[in-house]
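Each chain gets a letter, A, B, C and D, in the order it is written, and its residues are counted from 1.
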Amino acid sequence: MTEVAAQASPAAYVLGLADDAMVYAQRLAEWMSNAPQIEEDMALGNIALDLLGQARALYPHVGTLDGTGRSEDDFAMVRDERDWRNVHLVEQERGDFGQEMARLLWFATYQRELYAALLASSDPVLAGVAGKALKEVRYHLDHAALWVVRLGDGTEESHTRMQAALDSVLPYLPELFFDDEASVAAAESGIGVLPSSLHEAVTTHVAAVCQEATLDLHAPTWRARGGRAGIHSKPMGYLLAEMQHIARSHPGATW
Amino acid sequence: EHVGGDFDALIAADQRIEPRDAMPDDYRQTLIRQIAQHAHSEIIGMQPEGNWITRAPSLRRKAILIAKVQDEAGHGLYLYSAAETLGIDRAELLDRLHDGKQKYSSIFNYPTLTWADCGAIGWLVDGAAIMNQVPLCRCSYGPYARAMIRVCKEESFHQRQGFEILWNLMRGTEAQQAMAQDAADRWWWPALMMFGPPDTGEAAKGGHTAQSMAWGIKRFSNDDLRQKFVDMMVPQAEKLGIVLPDPDLKWNEERGHYDFGPIDWDEFWRVLRGDGACNAERIAHRRRAHEDGAWVREAANAYATKQAAKQKESAA
Amino acid sequence: MTEVAAQASPAAYVLGLADDAMVYAQRLAEWMSNAPQIEEDMALGNIALDLLGQARALYPHVGTLDGTGRSEDDFAMVRDERDWRNVHLVEQERGDFGQEMARLLWFATYQRELYAALLASSDPVLAGVAGKALKEVRYHLDHAALWVVRLGDGTEESHTRMQAALDSVLPYLPELFFDDEASVAAAESGIGVLPSSLHEAVTTHVAAVCQEATLDLHAPTWRARGGRAGIHSKPMGYLLAEMQHIARSHPGATW
Amino acid sequence: EHVGGDFDALIAADQRIEPRDAMPDDYRQTLIRQIAQHAHSEIIGMQPEGNWITRAPSLRRKAILIAKVQDEAGHGLYLYSAAETLGIDRAELLDRLHDGKQKYSSIFNYPTLTWADCGAIGWLVDGAAIMNQVPLCRCSYGPYARAMIRVCKEESFHQRQGFEILWNLMRGTEAQQAMAQDAADRWWWPALMMFGPPDTGEAAKGGHTAQSMAWGIKRFSNDDLRQKFVDMMVPQAEKLGIVLPDPDLKWNEERGHYDFGPIDWDEFWRVLRGDGACNAERIAHRRRAHEDGAWVREAANAYATKQAAKQKESAA
């Protein structure tokens, strides 16, 4: 358990990126058939697919980096909760549409800065994934920003709900910019980027969107911690139970 | 009702009717009902397979499934747009769906119990849908025909994916094989019912079929399509190694077709009446999504109105 | 798959009883820390424990009857959805407290009649379980009846909610009284009891409670089917994913 | 404040104060605060382990866990009842909990990440709780002392169950052993913090401790209890085969106690301030349950009122 998470290895760093994408893809896909309009069923499905694609590109690379040769499904389908390195933001339960757009706005902005920086990664696989993903996350970001503005500057109800939504994601943001051991090592070796170095650009962009949306950015009263060390919040175990149940029920089967 | 020579002439010449063309009101209403039902089926049809997105057993299958459910949403959109060309809007059609005033295909009132059901739906349900829909690509109403061309292209892709799911299961563990066979057992008869009641029955004699055929909306009878479907699927089942759950199924040299056993039309009518496994659940799910999203749609409208006013102001 | 469910065997009959108790125990236990008052956290926990105890007494007996020698955990933790024989009523998601009391009133009344009849079972294990369980389910029934009356004849809001709750369980009741193959065979052999034979007594009792509660018993517009043949409703797969995830994640482990 | 000789004499004689006895208001308020915090801890404490009820890996473990969480609810009830003898009712105390005006033990703001955490909570957290609570069985306030006797009896049962969970894991698969060790790694330090800040610290000098001791509410200092706990647990850890996560932990022959490393009091104060992993979640969960149940409690009251009126009427 946690053999990867405990190390300041390139594998641990890339696994964090992959797990963020994977878990958020799982959450976003839950919107399909539950969205406010059919166009959104499609859009959120699309974003989920992009993120799933990022995870699928990164997982086998982690398996190479850590020498285990594990496949994408080894990582996704038979790994225990303590070995997942994603941030708490992406594992939180699906809330209302405003909460999803608040989460997506922050996450896509973070990913845009992240992947832009990773274009210069000394790891060619990572740089390659970043190049492809960067185009995708720009669309995610535009989509989220569009909705945050519409909902913030829509009706009185939508303004109230969107403000509450923004507030509800605040405690989960510091984790995105936390320099854990693996990130520090990855940044030093030129493979990765220091999460804290993305903070300003991300916050500036989100703040601009919020201003247009007539919304306020507050300071959180507490902050989530530990995702990168495999310490997750309550929803994570249930997410994995659902995601892994069939695969775990048929050990060794191929599909 | 007579609307002049153009409509009849176009129909007689097997030409397309376009939105601006004059058309009999019955023709319009028949099309609205049919296209809406078709659109609703795509939207409701997202649920049975959507049920497996979070639990798909591999990431590759998860990605394919998300893309498929997304396609269904897209088909719904094309079809609602086609219906809108007839002078009714999507919001109104959705209200009719939610209020039970318009129907969707009864096939989606069956539950998806295992992963193999995603395979069976692709193989059998999409297979039957294609059989029903290919003739609609030549439907007399232009926008509907063009929507169907796009839909059919994607559906045949889905059907191959469903076949592939079952193919892998049938070559997998014993439990996987049993899962595939079980899914086929449960979906075979409902798939046959998708072609509608027999042409000889009361329902078919109501006249809808004859009129739809005369108008170039319907091209083949229910029983003809059903027979074509059976003839197509039996060899595919053999290839898969799946035994179709019909002891009467056998090749009839004389007819040049497969014979098959009697269909339980009582079940068909029961599910159609609302007493199927999932009727209540499907509509409740749709209504909840629609109601949960009301504030979002309202906000989008309010924002658009504000923006339009601002633009008008700055233009003035 | 479904080798037991497909047969009109004593094992299949007893498995239905066990699965009803097991799945309802799982649902009731979800109330703990979620009940309207602490006394109810305790009461619902208590009822869950009783039902879990019934299931644990019955499962090994099924393993004996069907010759597989399976343990309680073999049945509960590593069995696929299609092999579960419980009715849909017990697998439905936890609703509000009124819905739970409506479900419990029907289920406990059903179990009271069932176990009273099974005292005379020719299967001594089954008769023994029935004897012990009968005392328990009388308490369950009294508890549910008390609340249905309080809520039905409480405030205007509670009356409306309790009536809606009663209506919401209606479609799931016919399954309790459905004479499937296994029940018919079990009744014929003297091991079991014909479910339809319990219908009148159960309905009469529930109707009396409803009358006292100023509530109406309506007729359902549709009815659930298939639980005894392993055909379940949507919530069942998710219930199993959660219940089995840890056990399935550690094949062969003991706890 | 002086309330007469009885109170002081009873305290001096180490006798019990009962609800009808006169008592200083500070004594009453201190007890209300402490008993309420204790009751709240039992109720909030249902959540971390409750999180594993639906996922317990065997039916035997599930049954034991349900019974344990039920016991915690029961402890909450005894304690709220004890507090009520001091003239405050449960509803008011719950409101104070929900509004953040009264606290519960910070230990419950740590997450339960794996099944082994149910073992570690039983072994370490219940172990520490017992160490804190046994002296309270001789507390000067009668109802509190009697409640604690019942609580302690059940807690020691829970502690043995926790030990047994870990014992089985440590004798299980490699993954199970790692799970047990990981849980002990995470719960050891928070368990040590359960005895409160050091006696030499600012907080202890505030005077609460000295006054509580004089009143016979508190019997041992925080550091003394903590040392007793460490001395008790180290041999148990060795028996389990678990390595406690403290490199400084070693037997001190001279002191006749185990030495142990420095505690991260910054973390303690941070979590106490509300910035722990689960503070927000625990209170939100409680509030939701309370609010969801409001209509039920109101209905029960309304029904009781109606019944009382009817009885009065029929008696008249």
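The working rule: a residue touches a chain if its C-beta (ideal position, glycine included) is under 8 Å from a C-beta of that chain, and two chains touch if they have at least 3 such contacts.
Just so we're clear, the structure is a prediction, and the values are computed from it rather than from any experiment.
Engineer: Along the shortest chain of touching chains, how many steps lie between subunit B and subunit D?
Structural biologist: Each step joins two touching chains, and the minimum needed here is 2.
Engineer: Based on CA centres, what chain would you say lies at the far end from subunit C?
Structural biologist: Centre of mass proxy via C-alpha means gives A as farthest from subunit C.
Engineer: Averaged over CA atoms, how far is the centre of subunit A from the centre of subunit D? Could you give it in whole Å?
Structural biologist: Centre-to-centre distance between subunit A and subunit D: 37 Å.
Engineer: Roughly how far is subunit A from subunit C, centre to centre by C-alpha average, rounded to an integer in Å?
Structural biologist: The separation of the two C-alpha centroids amounts to 41 Å.
Engineer: Would you give the residues of subunit B that are in contact with at least 2 other chains, written as numbers and ranges?
Structural biologist: Correct list: 55, 175.
Engineer: Could you say which residues in subunit C touch two or more other chains, in rising order?
Structural biologist: 80, 237, 241-242, 245
Engineer: What chain-chain pairs meet the touch criterion?
Structural biologist: Those chain pairs which touch are A-B, A-C, A-D, B-C, C-D.
Engineer: Which of the residues in subunit D end up touching subunit C in this complex?
Structural biologist: Contact set of subunit D toward subunit C: 43, 46-47, 50, 53-63, 66-67, 69-70, 73-74, 76-77, 80, 115, 165, 168-169, 172-173, 175-176, 285-286, 288-289, 292-300, 302-303, 306.
Engineer: Using the touch rule from the top, collect the residues of subunit A that touch subunit D in their complex.
Structural biologist: It is residues 1-2, 80-82, 171, 221-226, 230-234, 237, 241 of subunit A that touch subunit D.
Engineer: Which part of subunit D faces subunit A closely enough to touch in the complex?
Structural biologist: 51, 55, 111, 113-114, 175, 178-179, 182, 186, 274-281
Engineer: Given the complex with subunit D, which residues does subunit C contribute to the contact?
Structural biologist: Where subunit C meets subunit D, its residues are 26, 29-30, 32-42, 45-46, 48-49, 52-53, 55-56, 59, 72-73, 76-77, 96-98, 147, 149-151, 153-155, 157-158, 161, 242-243, 245-247, 250, 252-255.
Engineer: Per the contact definition, I'd like the list of subunit A residues that touch subunit C in the complex.
Structural biologist: 78, 80, 237-238, 240-242, 244-245, 248-249, 251
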